[in-house]
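Presented sequentially are two complexes of chain A, the first with chain B as partner and the second with chain C.
Now for the complex of A and B:
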C-alpha cells in the first residue's frame, strides 16, 4: 500500500515538474490542440512569440492569442501563423523576417514595426492574408522569392510627404506574385516590383502615395480592377513585356507633373476598359511597342494621351470627354480609330454612328507644349481656344497631326437627371422676383 | 460723393438698352455653359475643359462689357456736357470717378446675380446645378478691376466712338494679342527666358493676373505646368496672398487715380 502511495506521489511530482515545459511542447500540426503562450513564462514577452514559433513543428500551425507580442521574430521553416482578434506584433526593429524556407502562411495579424514590418528572402510559397500594417519605415519587402500571395493586406503610412516614407510592398527578383484586396494609403510606392515575373494585382486600392504601382524589368503582368487615386502617378510600368491592364479606376492623380499611367519601354501591352479621370496627364506612353488602348474612358483630364516614340500604339473605341487636350505626340504619332470625342464637330448624315468627317486630335499648341513645357501656362486661355479653332481649319495637309478617320458620334453611356430640384427652383424664383421688383422700383 | 448720386448713376445705367442686351446675352451663354457641364460631364472638382469654358466666358465677356459700357458712359458725360455742368458745382473729380466706379460695380454685380439666378432656374429642371465657388470670386475681382480700368479708358477718350475704339482695343490686347505676343516671343527664345517673360506678363496684364489668381486660390496651379512652381508656391503663402491683394488694389487705385488726374487736367484746360 505504502509502495503504491509512493509511486502515486512520484508520478504527481513528475507531472507537476513537466507542466512549465508544456508551452514548448505545444508545437502542433493543424489537428493538434491550440497552443497558448503561457502567462507564467519567465523569459519575458519579447521572446515569447519566437519561442512559440521555434516550438512549432515544421508544417504546423501556430494559433496566437488576441494580444500584443513584442519583438522581432525569424521564421525559417514551413509554418502557418494565425492570429485572432486583436493579435498584434510590435517591434522596435523589423517585426517578422522570413528566410530560406517554403510554405509560410501568416494571417489575421496587426503589425507595428519601426523598421520594415515583414522581410522575406528566398521564400517559396508565402501567403500573407488579412494583415494590417501600421507602416513606419516600410511595409513588406520580399526578395528572391516565388509563389507570393498577398490577400487583404492593409498598409497605412504616417502623415507627411511621401519622400520621407518607404514602399508599402516591395518585391525584388521574384516569381509569381498575386496581390488582391489590399488597401494601401499614404506611403511612397504602393507596390514596388522589380525584376518580378508573373504578377497579378487585383482589386487593390492605393491612395496618396508617390506611385500607386511602380513596376520595372518585369514580364507577364496583369493589373485589374484596382483603384488608384490621388497619387503622384497611378501606374508606372517600365521595361516590361506582356502587360495586361484592364478595368482599373485611375483618378485624381493631379498634382504637378502627375500622370495617371506612365508606360516606358514596354512591349505587348493591352490596356482596356479602364477609367482615367481628373489626372494631370491621363496616359503618358514612351518608347512602347505593340500596345492597344481600347474601350477606355478618358474624362476631365488635363491631357488625355501623351505619346513619344510609340508609333505602333493603337487607340480604338475609347471615349474622350471633358479633357483639355486630347492628345500630344511627337512626329511619330499614334494610330487612332473609332473613338468618341466630345469636341468632335462633324456630322453623321448616313446614320451609321460614325462621323462623316475626320477628327483632328492634336493641335499646334499641344505640340508646342511637348517642345517647351512653359507653354502649358497658356492652356485653354481665350487666345489659345481661338488659336486651336483656327488651327483645326488649316492643318488638313499637315502630316504631323493625329487624325481619327472614323470617329464615333454618340457616347456609349449617357445618364441624365431630369428631375426637378424644387428647392433650387423655389429659391431662384424668389431671387428673380426680388431682382425684377427692385429694378422696377429703381426705374 | 453721395448715396444719392450713386443711386442716380445706377438708375441711369439700368435704363440703358445696351446693358439690357448685354445682360440677356451673358445670361444665355453662361446658362448654356453651366448646363453643358451639368448634363455632359461627370461631377468633378478639377480643371476640365468645361471649367475652362466657364472661366473663359467670365474672362472674355465681362471685361468686354465693362470696358465698352464704362468707357462710353464716361465719354458720353463729356460729350453731352453733363461733366461740364458738374464741374460748375463744387464737385471734386475724385468724387465723380468714385461715384461712377461704385455705380458700375453695383450694376455689374446685379447683372451677375441675375445671370446666376437664371442659370439656377433653368438648371432646377434638370436636377439642379452647381456653380463653382471660383465663379463668384473671379467675377468679383473682374468687376472691381475692369470697372476701374473702364473709367480710366473713358477718361482718355474724347468721344463715345473714341471710347468704344479704345475699350475694344484694350480688351483685345489683354484677352488675345498680349498672349499671342508672348507665345511668339517664346518661339525665338530659350525656355528659361520664356518662363521669366510669362511671369512678368502675369503681373502686367490684369486679365492674366485674374486668371492666374483663379489657379492659385483654387489650388490648381498644377494645370499650368511645372514652370510656374516657384511663383505659385509664393502666392499660395500668406505673404503671397497679401501681395496678390496689394497688386489687385494697385490696379484699381492707379486706374481711378489716373482717371481723376486726366479729368481734372482736361477740366482746367476747358
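Now for the complex of A and C:
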C-alpha cells in the first residue's frame, strides 16, 4: 500500500514539473502596437464624422479623437483617416462607404455596424490598418478595386452557426490584395476572394468559420504562414491558377464535412512546408493539374490525402504519421516519391535512408471510400484489416494501386520551440515541496 | 357476399395506388449540413440551391444549377426521378424542365455559373428589364458552355 502511495506521489511530482514546459510547433502573429501619440483634431469635436471628412482637403489627413462617432460616412476623395485610442464608429447601417476614388488610408479605428462595416467600390489604393470590427452582417466588402492592403484587421463575429453569418473580408473582381496579421473569428468565410488577381495572404489567424480562406476564379495567389484552426475547411481554393501555399498551420478542421485543404479545378499549385494536423481529411484535391505537394507534415488526420481526377499530382518528401488512412484516390491515381510513412514496415539494409521495398499507399478499401465516404465508418474493422493485408500481398498488375518506390525510413527532425512558463514552474515547485514535506510529516 | 364486395373495392384501390406515378418530392435544404455533391461547397445560399431526387428516393443536393447540370452530364438521367431548382422570385422549388432560365456573366450565383431560374418566361423577362441577360431554354443547358472550368 505504501509502495502504491509512493509511486502515485512520484507520478504527481513528475506531472507537476512537466506542466510549465509547453511545446509549440510554431509561434507567430505578433500584433502591431497601437500608436501612443495623441493626434491633433483639426475640427470641432461636436461635428459629425461626415462633416469632418468633407472639411478635409483631398489628400489630407483627418485625425480623430478618442470617442464614438455615430452614423454612416461616405468617402469619395483621397484621404487619410487616423483614429486614436478608443476612436469608434458606430452605425445602424454600414459604417464606411468608399467609392470611385484612390489613395484612401484608414487606420486605428474600431467599427461597430449593423450592416456591412466597410464597403468599397472602385477604389484604387486602399489601406486599412489596425482596424477592429465587431461584425454583425459582414465585415469588409470590396468590389472592382485595386491595390488593397489590409494590415492588422481584426474581425469578430457573433456566436451562432456560420450559415447565419456573412464573410469577414469579401473582395470581388479586383487586383492586388495583400492581407497580413489579420485576426478573424466566428464568421462565415474569413477571406472570400472571387475573381481577384494577385493575392498575398500572410500571417493571418482565422478560427471557427466555414472556410478560413475561400478563393474562387483567382490567379497568382500566395498563402503563407497563416494559422487556420477549427474551421469547417481551412483552405478552399476553386478554379485558380498559379497558387503557392507554404508554411501554414492548418489544424483541427474536424467538424461535419470538414477538410483541411480543398483544391478544386486548380492549375499550377505549389504546396510545401505546411503542417496539417487533426483534420477529418487533411487534403482533398479534385480535378487539379500541375500540382506538387512537398515537405509537408500530415499528422493525426482521419485521411491524409484524397485525390480525384488529379493524375499529375506529385507528392514528394512529405511526412505522414498518425493518420488513419494515408491516401485514397480514384483510378487515375497520383505520383508518390520519397515520403515518410509511419506504417511502412520495410527495412533499410543498405543504410541509405530509403526503404528496400516499396510502400503501398492505397488499398481497395480506400478506393471504395472515395466512391462512398460512408464506408469510412468501417475503418479498422477486422474484415477491413484482413482485406488490407491481402492487398499488400496481391498487387501485381493493378494500376490503381499507389506505390512509393523509395519511401524514407527515418522521420525528419521536427523543430520545436520550447518555452518555460516561470509562474507555473514556481507554483509546481511550491506544490512539490509541500507534498514532500507532508509526506515526511505523515511518516 | 357483402364482405367480398368490400374486399374487391379494397383491392381496386390498392391497384389504383400501385398504378399511380411515383411522386419525387424535394426536401428542404439545411444550410448547416448540406454540401454540394459536385463542388463540395456548403449550401448556405439556399436561394440558389438545386436538388435531384433519384428513383430510389435518395436526394442529392447542389449549391448551383451548374453543379446539377454537371451531375446530369456525369451520371445521365436514367436514375433521376425528378430534379428541382429554386425560383428566383418566390424561392419555391421548380421542376428543372418547367423553369425558364436567364443567363448573364454578371449574375452572381454561388459557383458563378450565372444562370437563374424563374417560374415563367414572363417573370424571366421582367427580371431582365433591370438585370440584362439572355433567355436560355432548358434543352440548351445540357450543352451550355458553363465556362468556369476552363483555365485561361
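The rule we apply is simple: the second predicted complex is superposed on the first by the 361 of 443 C-alpha atoms of A that agree within 3 Å, B and C clash if a C-alpha of one lies under 4 Å from a C-alpha of the other, contacts with A are read in each partner's own complex, and residues count from 1 in each chain.
Here is the rule we use: a contact is a pair of C-beta atoms (placed from the backbone, for glycine too) under 8 Å apart; a residue touches a chain by one contact, two chains touch by 3 or more.
What you see is a predicted model; the values in this text were computed from it and never measured.
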Identify the partner contact of A:255: answer first if only chain B is touched, second if only chain C is, both if each is, neither if none is.
-> first
With the two complexes superposed on chain A, say which partner A:428 touches: chain B (first), chain C (second), both, or neither.
-> first
So, does A:386 touch the first partner chain B, the second partner chain C, both, or neither?
-> first
Thinking of the overlay built on chain A, is A:114 touched by chain B (first), by chain C (second), by both, or by neither?
-> neither
Touched partner set for A:378, first chain B, second chain C, both or neither | first
Which of chain B and chain C A:217 touches, first, second, both or neither = second
State whether A:158 touches chain B only (first), chain C only (second), both chains, or neither.
-> neither
Identify the partner contact of A:241: answer first if only chain B is touched, second if only chain C is, both if each is, neither if none is.
-> second
Return the chain, chain B or chain C, that is in touch with more residues of chain A.
-> B
Once the structures are superposed on A, label A:93 by its partner contacts, choosing first (chain B), second (chain C), both or neither.
-> neither
For chain A, which residues belong to both interfaces, chain B and chain C?
-> 256-257
Within their complex, chain C touches chain A through residues 31-33, 35, 39-42, 44, 111-112, 148-149, 151-152
In the complex, chain B residues that touch chain A = 7, 10-11, 14-15, 39-42, 44-50, 52, 55-56, 59-60, 110, 113-114, 117-118, 120-121, 123-129, 175-176, 178-180, 182-183, 186, 191, 194-195, 198, 211, 221-229
Considering the complex alone, what residue numbers of chain A touch chain C?
-> 161-163, 188, 194-195, 210, 216-217, 219, 232, 236, 238-239, 241, 256-257, 259, 262, 264-265, 267, 284, 286-287
Chain A residues touching chain B in their complex are 252, 254-258, 277-278, 280, 299-300, 302, 321-324, 342-343, 368-369, 372-387, 416-425, 427-429, 431-432, 435, 439, 442-443
